[in-house]
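Next come the structures, one after another.
Each of the two complexes below includes chain A, the first together with chain B, the second together with chain C.
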Partner chain A sequence: MLRYVELYFKLVGAGIRAQLQYRFAFVMRIVGMITAYSGTAITMWVMLYQFQELGSWNFYEMLFLFAIAILSWGFCIILFFHFRSLDTYILNGTFDRFLVRPINPFFHFMAMKFDVAAFGQFIFSIFIFIWVSIELGIDWSFGKFLFLLASIVGGVLIQGGLLVIISALAFWTTKSEQFYWVVMYPARNLTNYPLVIYPKFVQWFTAFVIPFGFVNYFPAAVILGKETPFFPENIGYLAPIVGIVFFVIAYYIWMLGLSRYKSTGS
Partner chain B sequence: MFNYRVYWTFTKKSFLRSSVYRFDVWSRLGSNIIFLLMWGSIWTALYAGREEAGGVGFEAMLTYIVVSQFLTGVNGAGTPLWEIQEKVRTGDIALELMRPFDIPLRYLFADIGSVAFYIVTALLPLYTVLFIFMDLALPTDWLTWLYFVVASIIGFMIRYCIEMSFGLLTFFLVETGGIEDIFYFAMSLLSGSVIPLWFFPDWLATIALYLPFQGIYYIPNAIFIGEIAGAEILVSIGIQLFWVAVTYMTLRLIWNRASRKVVVQGG
Partner chain C sequence: MVPIIEVEHLMKDFKIAKRETGFAGAIRSLVKREFITKEAVKDISFTIEEGEMVGYIGPNGAGKSTTIKMLTGILVPSGGSVRVNGIIPYENRQKNAKNIGVVFGQRTQLWWDLPTIESFELLKEIYQVSNERYEENMATFTDILGLDEFLDTPVRQLSLGQRMRADIAASLLHDPPILFLDEPTIGLDVVAKEKMRTFIKEINKERNITVILTTHDMEDIEKLCKRMVLIDHGQKVYDGEISVVKDRFGKIRTLVVDLEESDCILQLSGGKVFKEEGNRYWIHFNRDEVSASELIAQITSTHNIKDLTVEEPEIESIISRIYQEGFQDLPNPVKV
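Right, the complex of A and B next:
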């Protein structure tokens, strides 16, 4: 286990050094990320300019909801985002190199890439957290802060788990990138807004099938003291557990897919 | 001399090519439906049971969003921005420079083919069903439908010219991060695709009215639900035509500069 931690940092360190060779590209990507997220935040502001509330959530509460999603997505990009392009590795035959080395292939594939551009997500979401905390006067007790961290970890595992499942589809269908754009990209957009506004079956689906509700909606409701109609009160406390369970399931699906994998055989 | 038959071939070919990539069509339709669900839910929640807001009825607003999502599907079915950027970065576009046709027009005609395929096989069936089964405020006279179609086509042209211009900027910049995000932001907010301009703060609405993006979604959508009516329709279409001319000339200018740059570098 310890060997794996050491190995992860070694592999990742090499990746970071490689990316920092292109300083300008690095900075521009961060600027791009922040611009894109600010765009969504401005859209929310314009939307609520006349209406004040969306399903009883005001602008600052929605920003908070958005920031939780962005922060955990930032970690997710670092750790798992490259899983979506597993199909390219399989089709090119370059996936085989992950199999011939004496370490767990899942781990090896995970440590292959470490995307430092996620700094954009961190800068944006931390700025929003501070701003919203001041505007809404959230009093950050130690327990609350700890819960926020725990639910971020849960959110990373849920979104990472879905990325892992999507990549595993490539073992059966030789497609994965497209599934990301069809399933996950829209799902992420959907959860930028409070789930309460969606039809019941969508809410139910995002709570119990693909548990994206636990990434930001349920935890944010706990921290901000908002109601979550149709769901038990304080269901958000389950977020870290849901994350762990979902990720373990995802891991086994991936390993199952791997056992079925046959090389392109060129 | 403009040779229609050359470009028409591109349209036919890309229509046929789309028919091979069925999965692409279905996946695009899938995410279109999810975004429709998202914006439909958002506007239902914003109205929160009210019959009307800001002088616009709920049914009309819902129609606005459905039509807007239809047009988003139409505008998203062509060559995407990143693909143009990729072609410039990898140098693939240089190969096309050697061939005897005009590249901005060649992509436009190819886009028309893939868009036509997507409309016929995916968008029209889905949105016909939606128009029939949802409570929407459809135009009652055929002339409004006609104006809507005309405005949508001009909007498509404006979007094409702007997107292609942004794509060609890759010739001059090493890194385009930030620039494309500004493009996507303007495309979604300032065009009125998700929030109609009448709900904007006044100052922002004024800015949006002086920019070309409103011609892509806001004008056709508003014509469809009758918010732009009577003589205003012709004025709006006039504004759109003005923007097509401006954006097309901008595209030509950028293209001329860009293609000369290729020649210089290619030595």
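Right, the complex of A and C next:
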């Protein structure tokens, strides 16, 4: 275990150095991400300027919701984004190299790339957290802060888990890129807004099937003291556990895919 | 002698989706897919002893890579058994990985964007190579392969020859007793090929590493291996000494002559024109029946020769002859 932690940092360090070889692309990604998220935030503001609030969430509360999603997505990119290119490895046969080495291939694959460009997300979301906390006068007790951290970990695991599951489809279908656009992208877009504004079915789906509701909506509701109609009160406290369970399931699906790969070779 | 690799009645089937041709066919196969079973490896058995260097050859799609993938633990066989250094690779893949070095000639195992030295340092961690052993190996490999001229260059900027040298050194860093080389000289120039072969020979001799080599370059096999396993359509067709095959089928030489005139009909006793292009003629002859000089004399009596060469038989052409003539009357395989 300790060996894997050490190895993780070494592999990740190499990944970062590799990424820094392309300085211009690196800087542009950070700038691009900050610009893209600011754009979404401005759209929100324009909308709420008309309606004042959306499903009883005001502009600042929605920004808070958005910031949690962005922050956990940022960590998720850093840790798990390499899985998005798994299908390319399988397609051109370079995946085999992970299978001739004496370490866990899931771990090895995950540690191969470390997308530090997600710094853009951190800068953006930390700025929002401070701004919103002042505007809404959130009283940051130690417990509340700890809960925020735990639910961000949960959010990272939920989104990372979905990335892992989508990547694993490549073991069966060879190409999985399209699933990213069909599943991951819509799921992330849904969480830009409070789930309460969506039809009941969508809410139920995002709570229990692809549990993106636990990425930001339920935890934010707990921190801001908002109601979550149709769902038990304080369901948000479950976010970290949901994250762990979902990720474990994702890991086993990936391993199942791997064993299929080993019997078909493509 | 101790067998280090034991393969018995190895089989591997693949299910492949049948593709229909044309647009209508593509739509049809989208809705209803039919599968055909392809037996990539049908029934292959062989044992390889410690320190042996064996050429594993066959035409494209014969099942070479599939076999290697089963030996390395990447693929699970559909039937039969494999044992590599006492371990069943697909059951104990990670343990097996420590015993083997693998070089895929067409795909690097190194970190593409990083200076070459970093790949070695990372592999040292992955394989848990001790500091002393790492230093020793690096010193040896640097010495023989001249790694120092490009250790600080990112892998993507290396020439193919340099990259192959780095790849083979990387595969040996953890002192594996077995080395799999898949097309190790593909795309290299003559000098780089020669360097690579010298190195492979040396590590085989000095470290007693068992080497299994798949290649299309018959010179590789001739220069490196005593024994070859020839497979085709997933089955073993020959297993034994290269010299036996060479003696049996290697008596046929090719005389290539450029004549001053074209469209000649050459009637030669002991030789047979099997290809002509403009005024160049390729003639097969059996060196036991007729000598090259006799043949040349026959031609010069009626035509003027501008240029000529006598080609040594390559195993490649020997193999195609074996295919044409069948294996029935081949000497019994030396090893089973």
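Convention: the second predicted complex is superposed on the first by the 261 of 266 C-alpha atoms of A that agree within 3 Å, B and C clash if a C-alpha of one lies under 4 Å from a C-alpha of the other, contacts with A are read in each partner's own complex, and residues count from 1 in each chain.
Just so it is clear, a residue touches a chain if its C-beta (ideal position, glycine included) is under 8 Å from a C-beta of that chain, and two chains touch if they have at least 3 such contacts.
The structure presented is a predicted model; accordingly, all values stated were derived computationally and were not measured.
Colleague: Should chain B and chain C be called a clash or a fit once both complexes are overlaid on chain A?
Modeller: Here chain B and chain C can both sit on chain A without a clash.
Colleague: Would you sort A:101 into first (chain B), second (chain C), both or neither based on which partner it touches?
Modeller: It touches chain C, and chain B stays clear.
Colleague: On the A-aligned overlay, A:182 touches which partner chain: chain B = first, chain C = second, or both, or neither?
Modeller: first
Colleague: Should A:17 be classified as contacting the first partner (chain B), the second (chain C), both, or neither?
Modeller: The second partner, chain C, only.
Colleague: Please indicate which partner A:149 is in contact with in the superposed arrangement: first for chain B, second for chain C, both, or neither.
Modeller: Touch status of A:149: no partner.
Colleague: How wide is the angle at the Cα centre of chain A, looking out to the Cα centres of chain B and chain C, in steps of 10 degrees?
Modeller: Approximately 90 degrees at the chain A centre.
Colleague: Check the residue A:190 against both partner chains and state whether it touches chain B (first), chain C (second), both, or neither.
Modeller: Only chain B; A:190 stays clear of chain C.
Colleague: Determine, for the superposed model, which of the two partners chain B and chain C contacts more residues of chain A.
Modeller: B
Colleague: Would you sort A:256 into first (chain B), second (chain C), both or neither based on which partner it touches?
Modeller: Neither: A:256 stays clear of chain B and chain C.
Colleague: A:36 in the overlay: touching chain B, chain C, both, or neither? Say first, second, both or neither.
Modeller: In the superposition, A:36 contacts chain B only.
Colleague: Based on the superposed arrangement, let me know which partner A:91 touches: chain B (first), chain C (second), both, or neither?
Modeller: Neither chain B nor chain C is touched by A:91.
Colleague: Chain B to chain C: minimum CA distance in the overlay, Å?
Modeller: 7
Colleague: Could you tell me which stretches of chain A are touched by chain B in one complex and by chain C in the other?
Modeller: none
Colleague: Using the touch rule from the top, collect the residues of chain A that touch chain C in their complex.
Modeller: 3, 6-7, 10-11, 14, 17-19, 21-22, 92-94, 96-97, 99-104, 108, 259, 262-265
Colleague: Give the list of chain C residues in touch with chain A in this complex.
Modeller: 14-15, 66, 69, 72-76, 78, 90, 93-95, 97-98, 100, 102, 104, 107, 109, 111-114, 118, 122, 125-128, 154
Colleague: So in the complex, the part of chain A that touches chain B is made up of which residues?
Modeller: Interface residues on chain A, with respect to chain B: 24-25, 28-29, 31-33, 35-36, 39, 42-43, 46-47, 49-51, 53-55, 175, 178-179, 181-182, 185-187, 189-190, 193, 196-199, 202.
Colleague: Which part of chain B faces chain A closely enough to touch in the complex?
Modeller: 23-24, 27, 30-31, 34-35, 37-38, 41-42, 44-46, 48, 53-54, 174-182, 184-185, 188-189, 194-195, 199-201, 204
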